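Quick one: this structure, given as structure tokens, is what I'll be asking you about.
Chain IDs A, B, C, D, E and F follow the sequence of writing; residue 1 opens each chain.
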Amino acid sequence: MELLVVNSNTSVAATKRIDAAAQAAARAGTTVTCIAALAGPQGIDGTLDLSIAGLETVRAIARNRTSYDAFIIACGNDPGLAGARQVTSRPVIGIAEAGILCSWPLGLRFSIPVLSRSKVALMEDLVRGYGLERRLASVVPIDATTGELIAASPDAVLEALLGAGRVARDRDYAEALVLTGSIMSGHEAELSGELQIPVISGLAAAVKMAESLVDLGLSTSQYFSFATPTKVDELNGYADLHDVYQSRAST
Amino acid sequence: MELLVVNSNTSVAATKRIDAAAQAAARAGTTVTCIAALAGPQGIDGTLDLSIAGLETVRAIARNRTSYDAFIIACGNDPGLAGARQVTSRPVIGIAEAGILCSWPLGLRFSIPVLSRSKVALMEDLVRGYGLERRLASVVPIDATTGELIAASPDAVLEALLGAGRVARDRDYAEALVLTGSIMSGHEAELSGELQIPVISGLAAAVKMAESLVDLGLSTSQYFSFATPTKVDELNGYADLHDVYQSRAST
Amino acid sequence: MELLVVNSNTSVAATKRIDAAAQAAARAGTTVTCIAALAGPQGIDGTLDLSIAGLETVRAIARNRTSYDAFIIACGNDPGLAGARQVTSRPVIGIAEAGILCSWPLGLRFSIPVLSRSKVALMEDLVRGYGLERRLASVVPIDATTGELIAASPDAVLEALLGAGRVARDRDYAEALVLTGSIMSGHEAELSGELQIPVISGLAAAVKMAESLVDLGLSTSQYFSFATPTKVDELNGYADLHDVYQSRAST
Amino acid sequence: MELLVVNSNTSVAATKRIDAAAQAAARAGTTVTCIAALAGPQGIDGTLDLSIAGLETVRAIARNRTSYDAFIIACGNDPGLAGARQVTSRPVIGIAEAGILCSWPLGLRFSIPVLSRSKVALMEDLVRGYGLERRLASVVPIDATTGELIAASPDAVLEALLGAGRVARDRDYAEALVLTGSIMSGHEAELSGELQIPVISGLAAAVKMAESLVDLGLSTSQYFSFATPTKVDELNGYADLHDVYQSRAST
Amino acid sequence: MELLVVNSNTSVAATKRIDAAAQAAARAGTTVTCIAALAGPQGIDGTLDLSIAGLETVRAIARNRTSYDAFIIACGNDPGLAGARQVTSRPVIGIAEAGILCSWPLGLRFSIPVLSRSKVALMEDLVRGYGLERRLASVVPIDATTGELIAASPDAVLEALLGAGRVARDRDYAEALVLTGSIMSGHEAELSGELQIPVISGLAAAVKMAESLVDLGLSTSQYFSFATPTKVDELNGYADLHDVYQSRAST
Amino acid sequence: MELLVVNSNTSVAATKRIDAAAQAAARAGTTVTCIAALAGPQGIDGTLDLSIAGLETVRAIARNRTSYDAFIIACGNDPGLAGARQVTSRPVIGIAEAGILCSWPLGLRFSIPVLSRSKVALMEDLVRGYGLERRLASVVPIDATTGELIAASPDAVLEALLGAGRVARDRDYAEALVLTGSIMSGHEAELSGELQIPVISGLAAAVKMAESLVDLGLSTSQYFSFATPTKVDELNGYADLHDVYQSRAST
């Protein structure tokens, strides 16, 4: 099985971390290729970055749409998820979505740490957009910018996440913690050991979900929302994507 | 007062229609300029088109962000709305959002016609994403592609909308109808006359809302979700938008 | 354009404040007339006052229903709003409703300050009754009775609102503040300057919304909920309103 | 135990029917007195009527507030319920509210028949206002005006309700039917026999709930929403209610 | 009227307390019999206990299904409620459900104390499962195990409940308190006196509700969810319940 | 990896079908053992059967709790799921839950076929109990008893499911179909081919989810809802489960 993991930003360092974490999560027999968006922000810090990264993620998946069995969007807010599902019927998984879904059998309430107070409402709206808000105990901000977290020593990242996790558990009754930011990955074991609640890496959960869907032979529904429109449109300036409308029938 | 209306697609014909409708809605003293996205699809037919059109709409607004008092996104699914609110603190209004809000004082239930069954769930999710689903009576599909509607005689468009309106009113108890598609504009009076319920043009409502917010001196909150991140990022390949991060403080 | 603003209580001082604020919000060409209810409480402090004020507000609008283009109910809980919409098809706007709707394009979460802890649940239920609770960050009480606030120096009122605003923003992540109480009006600029988030005067927003609806030629739906029943009823003891049933067809 | 049942309209015939039904529901030892509003509409047909009837119902209860152990508002939309709870701490029950609550232990979904399509949204909003919408299968309109129903032979009323009940059960999976209109009372047994689902008279349920609350020694919470404001207000023109503010402490 | 109260656990002491409280709540003419489950846990502390107690409660009711007019499940999480409604069409009431419903006419927000933080999410889900979460102010844990509470002096139990009640009222704006745990019963008067809000014993409320439903001649709907399946099934190992399928038609 | 699949009923034929389907879904290296409940109904047809089957399922898992890596409850309404999560911290998956979660990445709306109209509300409540109702397009009944379906030829079962699937897709806009009944398994491929939407076997999805959770080293949260109470309780009559309280610390 061939999986493509797309880092929605253009940071080489982040791509390497994501690659390592995705490789670690894949089972024997699954080949994981990790690429970064060809253009766009180095880090995703808001709605402007998400607009750019969303489109670049769609492009990355469109470009590779016949070469992989499933696709993973490795960015905390799942940019481009809806768009990507229209360029291929093969499974496309977002790591926020996968991490949240994975919490369901593990406990009745989950929390999500985010990197700043500015991201709380956007993450809450993402969860609501998925219709998965009922078990959301809280979105808990830690006060650090993406850049600082990457620059920080692993210990500092771990400390910040531990603090958010304790608030989630002790104040908000979270029974599980979901890590949606790809740079948060790798701390699951230590966090879980300290907090004594399951800590889910959205990226690892996405790899498992992709493997599962491919195993089951399931593909994205093409009947309503993600059907390919029957139309001719030159997509002026987006020749790479134009191709999608004409070739999809055969994928 | 100077308003910029952005047609999110690249169709010249659609831009002309939108321009005419927006001019008609503006009050004396409001200057409306209508432009189309510089690149992207001719018509917006799904999540791929929305990804492209969303980014091109953000770009169009970013490019003009210091030259207008407020901005209107003239496309049925408000592509790029969240992104655009981060490139300027001046009001940015989506025509779906404006049309729906405008229905509140007019009746207890509203319906929205859409151009095909494939668009029902996406529109429902848009309304839910705004947290405005409580008064949504229904999203009613008419069976026509965007292209066919544009090509059709005005009478055919009107007929299709009338049929959807009757279903909305008689089956779903809609007390008002909201037209979010820019190409539906211009039929409000006839529809309202036939259906005997208020029929709201989202585009006209957006012009009024933009005028109102400028009158009131209100601007988009920059405190949390739409704050400009303090960061340096070259936005590789998006030099036009890179500029936003450095100049916004002074807008 | 002629707008009638109805102060739902009988306080002369409050009516003067409301008049001044409404005049300030109206654009050139809009004539605003502000009247008080002819009978009822001096201030609205609970459900009993609201029952009386609601009916007196309906009466005030019914009495003037053919003389104005639109009507504004200038009282924090929008008393009489549903009833007034049945006595005229011309737009009737509540200032709570208008202020809340106005927050939509400005930020993802809004809060509402109220004058005491006793009013929290009633305001939450009002927002839920409108189906607008999804973006409600919180209702924040300040501890003051209506009488005390009116008696207090403007500085004291401002201080109390600032305190509530800080709680709304820092504890509840509110991105905008909505002032629904008419006596809170006039502090928007200072509050916004201090809090660095948009602060909306419901009264000013209602004036703009009334102007917009009249501009657009829209009127209240008469199809279902606000249709005039076809019936003969003497409305024993309410001769002034009885007249409504017989004359509405021609308004 | 002394219960006061208030018919919110001024129809003598309706008051007699309500009286008979309430007497029939009372247990031995409960004395039921049924009065009509002193002023207002003969029948309640919309939001204007509800505004008047609401206040007149509050007045009727205020006038009698020290003479009865509990109060029942016998009108399909519970007019004046919130206001009445502030004029006395003794239990006040609405028949819509009581009928709906009574359905909870009897089945997982309930439906409510209403007299016309114009009343559907208002009833749905009433149920939502109570926060009881989760088990609402549907509000089903029968096509008859209040006047016509009263004029009609009992058989005609029964037929209309049967039709609505079959739709509720067979289309909407209702497991119980709640009759909130006081004029619908008296048909429960026949409806239930035909439909083979429980049919609840809101009026009878309210009598039982009033008896239960008095038995349990429970009274309306005076801590927040229904606390009596500590204020002096002449309630200009409402001398009968003014008295409430001054005397309530001793009730 | 004959009511059967089933203590879902096997504690003799708890059964005695429940018996006393239920007797006290019954009106003259109502005979209350209180029994304990024949097998299962001494106290209900989690989902395993609830699974056992649920079935044993169903059995206890099934065994006595033709001998009583209505049944009450006297355990804080209403174990076996859905199952019991299929073994008899006579009313079956849970004390959590009854207590919550009883709060509706008494105030706009209710809170529920629970015995530990581990029970918060389960109680919230129970309330949501009933569709009654809209008025839930909070579930407030007190830190005590069931065993400790029973062992403690009444004063200690009262103190713990008072603390939870103050949090519910002052932090969460609860206007009423619902006691669902049967061992909490008996403290209503003192709690209410101290907190100045209504405090409802779920057990007493259930007795009243059972009396009311029997008075009204209402029984559980047998049309959809609680219909007896027409089938032959030996219920291997559950001979006592097997009997239900064959005899129900005649109850 | 060792998985235990528990058929919650006692039908040998059903157990065989479930075994075959689970084996087919397991990947190489996963050993699946399928057992039936030791006692209880032959088929699960309502809330009484669910009460029995729920406890028997908990017992089956408790008995085997140290011998398998994860557990699957193979019955359409996930009986015993909450209870089983307290007897072991190793993953326990319900096939309804798993099938529904699996639909998330595949389409925006899912429907669930059930075997009769009596099961619609119970299934809707199950989905709501999981907090997963936002994307539920509908629960669609087919008119067949469990027994008849098992007895019927495979073609008849397929026909019935096809009919329900068409209603779900064409009337309710379902983009995916979730089969929760274990006896519905095996028809996914044909249904999907005919309906042209993804059709998910809950059982197969559960096998994948169990494999994924074991791969990721995740276990059920023991912090709040599923923590083992620290207590001594003989569980009178349930000696097999009593053992759980004493031994869990070491699992």
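We take it that a residue touches a chain if its C-beta (ideal position, glycine included) is under 8 Å from a C-beta of that chain, and two chains touch if they have at least 3 such contacts.
It should be emphasised that the depicted structure is a prediction, and the values quoted were computed from it without experimental measurement.
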Using the touch definition from the top, how many steps at minimum link chain A to chain D? 2
So which of A-C, B-F or A-F matches D-E, with over half of the contact pairs the same residue numbers? A-F
Interface with more contacting C-beta pairs, comparing D-F to C-D: C-D
Taking shared residue numbers divided by all residue numbers at the interface, is the value for chain D and chain E over half (same) or under half (different)? same
Provide the C-alpha centroid distance between chain A and chain B, rounded to the nearest whole angstrom. 28
Round to the nearest whole Å and give the separation of the Cα centres of chain C and chain E. 44
Averaging over Cα atoms per chain, report the distance between chain C and chain F in Å. 52
Which residues does chain E have that touch at least 2 chains other than itself? 108-109, 117, 120-122, 125, 128, 131, 134, 173, 175, 223-226
Those chain pairs that satisfy the touch definition: A-B, A-C, A-E, A-F, B-C, B-D, B-F, C-D, C-E, D-E, D-F, E-F
Could you pull out which chain B residues touch chain D in their complex? 108-109, 134, 173, 175
Going by the contact rule at the top, pick out the chain C residues touching chain E in the complex. 117, 120-122, 125, 128
Given the complex with chain F, which residues does chain E contribute to the contact? 10, 38-43, 45-52, 54-55, 58, 80, 82-83, 85-87, 117-122, 125, 128-129, 131, 145-147, 223-231, 233-238, 241, 244
Residue numbers on chain F that touch chain A, as the complex places them: 25, 27, 91-94, 97-98, 101-102, 104-109, 130-135, 169, 173, 175-176, 196-198, 200-201, 204-205, 208-209, 211-213, 215-216, 218-226
